[in-house]
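To keep things simple, chains are lettered A, B, C, D and E as they appear, and every chain counts its residues starting from 1.
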Amino acid sequence: MTGKLAWTKIALPLGVAALLLLAWDAAVRVSGSDIFPRPHEVLRGIIQLIEQGLLLKYVVASLFRVTWGFTLAVLIGVPFGLFLGWYGWAFQAFNPMIQMLRPISPIAWIPVAILWFKVTDKAPIFLIFLASVFPIAVSAIAAVQNMQPVYLRAARNFGLTQLQLFRRVILPATLPQIITGIRIALGVAWLVVVAAEMIAVNSGLGYLIIDARNAGKRYDLVVAGMVMIGLIGLVLDLLVRQLEKFDEVRWGYANR
Amino acid sequence: MTGKLAWTKIALPLGVAALLLLAWDAAVRVSGSDIFPRPHEVLRGIIQLIEQGLLLKYVVASLFRVTWGFTLAVLIGVPFGLFLGWYGWAFQAFNPMIQMLRPISPIAWIPVAILWFKVTDKAPIFLIFLASVFPIAVSAIAAVQNMQPVYLRAARNFGLTQLQLFRRVILPATLPQIITGIRIALGVAWLVVVAAEMIAVNSGLGYLIIDARNAGKRYDLVVAGMVMIGLIGLVLDLLVRQLEKFDEVRWGYANR
Amino acid sequence: NLRVQFFGSKLAAETTQKFRVGFLPVTCHLTCPVTDFINKQMAGDGFFEPIRFNGWPELKEAYLSGYMPATFLLAPLAMALREQGVPVKIVYLGHRDGTAMMVHKDSQIYRIEDLKGKTVAVPNRYSNQRLLIFKALKERGMSIKDINMVEMPPPDMPVALRSRAVDAVTSGEPFMGQTELDGYGRVLYLTKDVWPNFISCVLVVSDDAIKNRRADVQRLVDGIAQSGKWLDQTMDHRMEASEFVAKNYYSQDPRLLRFVLSKPPDRVKYTNLAPLKKDFEEIQALAIEAGIMQGTVHFEDYVDTSFVKDDNAIQPYAWEGTKPTNQ
Amino acid sequence: MQANPTVQVRDLWMSFPGKRSGEQVHVLERINFEVRQGEFVCIVGPSGCGKSTLLNIIGGFLRGSRGDVMVEGQPVAGPDPRRIFVFQENGVFPWLTVTENIGFGLLKKSEPERAKIVAHYIEMVGLNGFERAYPRELSGGMKQRVEIARALAANPDIIYMDEPFGALDFITRLKMRADLVRIWQSEKKTILFVTHDIEEAVQLSDRVLVMSKRPATIQTIVSIDLPRPRDLDSAGYLETRDRIFSAMGMSLRIGENEKEALPISAQQPV
Amino acid sequence: MQANPTVQVRDLWMSFPGKRSGEQVHVLERINFEVRQGEFVCIVGPSGCGKSTLLNIIGGFLRGSRGDVMVEGQPVAGPDPRRIFVFQENGVFPWLTVTENIGFGLLKKSEPERAKIVAHYIEMVGLNGFERAYPRELSGGMKQRVEIARALAANPDIIYMDEPFGALDFITRLKMRADLVRIWQSEKKTILFVTHDIEEAVQLSDRVLVMSKRPATIQTIVSIDLPRPRDLDSAGYLETRDRIFSAMGMSLRIGENEKEALPISAQQPV
């Protein structure tokens, strides 16, 4: 059973990946284009980055910025979302503002970021924070508002302080849904890393992509940057999904 | 009661908005900066756009692109997500790919979009689609995987065809969570509209922002674009939330 | 044509279409809209289709994808593309001089030497502004290591300088002029002070277009040359161009363009735009030093001078503008 | 204060907004009764008549459409930790273990004290060995016992119980009844107890409120003056039980839906 | 084929993986029994002993750790629409109205036919007037009746019911029992019925499986050869009932947990 599980967990996605790579390669070859890189060219690009010692540097730089921006987003977005979800008046007051702010592109925020944070790492961190805090807040608000009534009633019955109520009932009751929101937001955080690293930073995978796009015909490096971001995204998502294994949230998941 | 509700629903957010506007105005005045526009300057910018007949044109253009990209994302993301959530092998096979693709910035996809769709409206639509399909798919997958076991069992008991099962049990059971995912994705779709409209289109609110940025010091128009996107985001979110009122999904929401 | 278009064809520009030319809303590409506008005024219709982009990467990618056969491009980038095997030829220049390095007016930076240890923002690695800094520093016995160079989209440079997030900025106009106009930017140098006859942007066309649409290319080069001369003919022409370009092509404040085109008048020049070997050899030498070229191609590879037989013989457009609208 | 009414329901009406048609579902009509302090009152009535609704209004989780509900002299504004509710739907927190669930109402107590109380009630409801299990690992009856233990552990003055023993087997049920009566007697609690088991009502309570079909009114209130422990074979017991049976039969017979109007004798041939 | 075993359970063992300690929770041990076609079998046993687990394994929703379960001659691979399960937890779909829920198993029928069947069962479970209500607008007992109607409407060959009448009041319960027996007799269904009400078991079934405490074995199987309709005052009825009572008492007395070992006489003084 475990043997079979491990097999499908590894072999299936690898098979799919192999098929995709072949399709990609074939498509480029058939199109006769010399603009778009073929998989082995991308690999060569990655190797070149490794040799230059840039890959690790860029990965670390982006991870640093995303980690900060995203952690701040979680630390602020979850409590804020729970708060708004629970207190109707707060929701009425602030929800329209949230809904207005969240669709605004990080690119539009760049001038503000520069003004506030100059050309430091804080500027991209701010942009990443801004893009990911709203999905988290929205999912936390929705999770509270969709809580099962019977837990609410039971909770209200025991005369908890507000803090206890949040800590011991609302948070755990909403955690499974919030984790889904966090997973989506983590993707969004990386989604804006390229825009965020437009700001005068000379490192990072987003910078790599911008720089390679500016360079003549280095789409092998553009794709290399995309692949690296994708791989990191995959690993981070796996890590976040480990949270779902904790006893405190397992109740929210059907047995798979 | 309704009177009071209406009051809080309108007066509270307006109050918050007014406070924010005042704070913004004061901040710009105190900083003595002349780069950042004050609220009335933004209003003037919006009026100017209206007079030039541009505002409506831009709003319609962006709405057109977002509507297409987003609708495609919903039409593909929801069934695909439900499918992956239900069939373990499909999840094993495709989930890693999804997790890899979803953090990749639309900016990085621009070259691909230009190659495939040239400088047509299809290119930004593709980018918007790409950015919003993954949040939708992820939330649909999670929703299926977190379905309450008892509904699953009841559903499996009645010997439905696969299609009936999806249509009559899995979709309605997951809809409340999927709607949250759709709301988040709608924000993400707008989040990337600026990046998407970088591709030589000469209309749209994203284009307005880029164009105003290129104009040296037209931050009044940049902010005007942000405000318009924000207002549209607010309205669209309100519309999507109307879905929550349908009987078929109301069960998923605590009585508010 | 059954070829899979998914990954782009080899710069095969569709011959049936109007000749497309890519440009950005910067003064370096001013001749593109000017040519188009004057043509439309004189002939009722333009003979080419100017496609406005908003940033370098998209412009270049649209060109690479074969969407348009010609475009304005950064000179070092065009050369690097050729070196990377892209069938592209420089046929004419976009302008000469035309940019500046700005510092904050309250800063203590008065000479290039004062940049030591300071943060300087350039648009990207392939911009000629960056090469210009190499040259300026080298001539003063310094090197690129003496400053902290960062890359930044030009639209963000005014804010960055205003908030003193960086000490100096340099990019194409009108962003530099904007800082000066708003009173916080001070010119550290104009390009002509460091690198007379500096070239930042050039007009490039694909080999394919040179072969199959020679007449279109020739008309384009002639038009660009004529409008360049027209611009430099009188200050009135420049003021006129500021109006119609700002309004119809760049959506910028005409004041800004007027400022850039007149203060001083030789801040940017649109004459003498035939590509010369010595200019490009200098650029190439710096590009190799800056690590953006290998040096495997030469002037003859990336420039096609055959469209400019005699630059001096070309006459400015005989068009006196739409004066009444200026009132 | 002894023997003062603890719960007073005066002219209570309740209707739920009708879904589509706009017509309302009238659930409670003109409900009047009082519960004295220290009294054990059972509520019986046909399924769907409004027992849970009534209890929820008294508990402060719902608001009546009309009328007053006072508890300890105050109008009910919301739930209160001195009055614990045992829900008909399972209200055990799925993210807490059995121990944590039972200790939920004891946050103010010190750690060892809490542990002692929790251990006591785990013992009482017979969940030894499942202290660290999560609700998903429990059977239906075990979850119900966790909820009962959680309510008792909080040591409230008033306990509202909505069919608390519904999922328990016969023996466990007897034991829980005995335990509940013991706690009620020794700690002078007030208990309002909804049940669909008439024998249970007669065994437990001082008074039984018999509700009619929806829209529910109070059909009769049957006082049970039998001494405790009650002898289930005594004539008094049997007579009281049969009075309630026939009252409930009546409540059906006067209901609109004649189809459901099974005579009491229906208990004979199945 | 008549009188062939429809359900065969042979040497079935079941244990759940223990949470933290790694030690397993042994639930079923060496379970052996058969159910003939057309038989009505009740399962009784103490709360948490494994009744739901056993039924879930037979229904194909869980897999035993060891042993064979055959239904109609085939090993059980999963749920089957000819065998409908009524869950202990409420399995009514909250997004469907009462009508839609009850008609859920009838997708293959034509629209008018479905409407007719649904109307019939709505009538039977007494939910007239609530056809278009959603489950959140129903009381606990009403939801349970919806689920029963949904199962019966699907007209399966075998019905597995896990405490289906737990939340019903006395009268409704009697009516549902009578209806179930009528359907069972007229349509020759096989029914496996878990209950915690021993009277109910004796009233309904051909045989009663008495399970012991966890790890549950089959304590005894009591055959009930009383004629139907059953006379609840007949000596045979009372004697059978008491045999099961004492078997269940036994099952407690031999359990490990002496605290729970209440003697049968516990039913006397409360």
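Quick notes
To be clear about the criterion, a contact is a pair of C-beta atoms (placed from the backbone, for glycine too) under 8 Å apart; a residue touches a chain by one contact, two chains touch by 3 or more.
Since we're looking at a predicted model, the values are computed, not measured.
Hopping across touching chains, the smallest step count from subunit D to subunit E is 1.
If you take subunit C and subunit D together, the chains in touch with both are A.
Inter-chain contacts peak for the pair A-B, counting C-beta pairs in contact. We define each chain's centre as the mean of its Cα atoms; on that basis subunit A and subunit D are separated by 49 Å.
Subunit A and subunit B, compared by their mean Cα positions, are separated by 16 Å. With centres set at the average Cα position, the gap from subunit B to subunit C is 37 Å.
For subunit E, residues that reach two or more other chains under the stated contact definition are 19, 89, 134.
Counting partners per residue, subunit A has 33, 35-36, 111, 115, 210, 213, 247, 252 as the residues that reach two or more other chains. Annotation for subunit C: residues touching 2 or more other chains are 5-8, 57, 61, 65, 153, 156, 159, 162-163. Every pair of chains that touch is listed here: A-B, A-C, A-D, B-C, B-E, D-E. Chain contact summary for the complex, subunit A toward subunit B: residues 8-9, 12-13, 15-17, 20, 33, 35-36, 88-89, 92-97, 99-108, 111-112, 115, 131, 134-135, 138-139, 142-143, 145-149, 152, 176-177, 180-181, 183-184, 186-195, 206, 209-210, 213, 219, 222, 225-227, 229-234, 237-238, 252-256.
Of all residues in subunit C, those touching subunit A in their complex are 3-10, 56-57, 60-61, 64-65, 77, 80-81, 83-86, 119, 121, 124-126, 150-153, 156, 159-160, 162-166, 292. Against subunit B, the residues of subunit C that register as touching in their complex are 5-8, 22, 24-26, 51-55, 57-59, 61-62, 65, 67, 153, 155-156, 158-159, 162-163, 174-175, 177-178, 182, 250-253, 256. Contacts from subunit B toward subunit C in the complex involve residues 33-35, 110-111, 114-116, 118-119, 198-200, 202, 207, 210-218. The touching residues of subunit D, when paired with subunit E in their complex, are 16, 19-20, 25, 44-53, 88-89, 123, 126, 128, 132-134, 137-142, 145, 163, 166-175, 177-178, 181, 196-198, 203-204, 228-233, 245, 248-249, 252, 257, 259-260, 262, 266-270.
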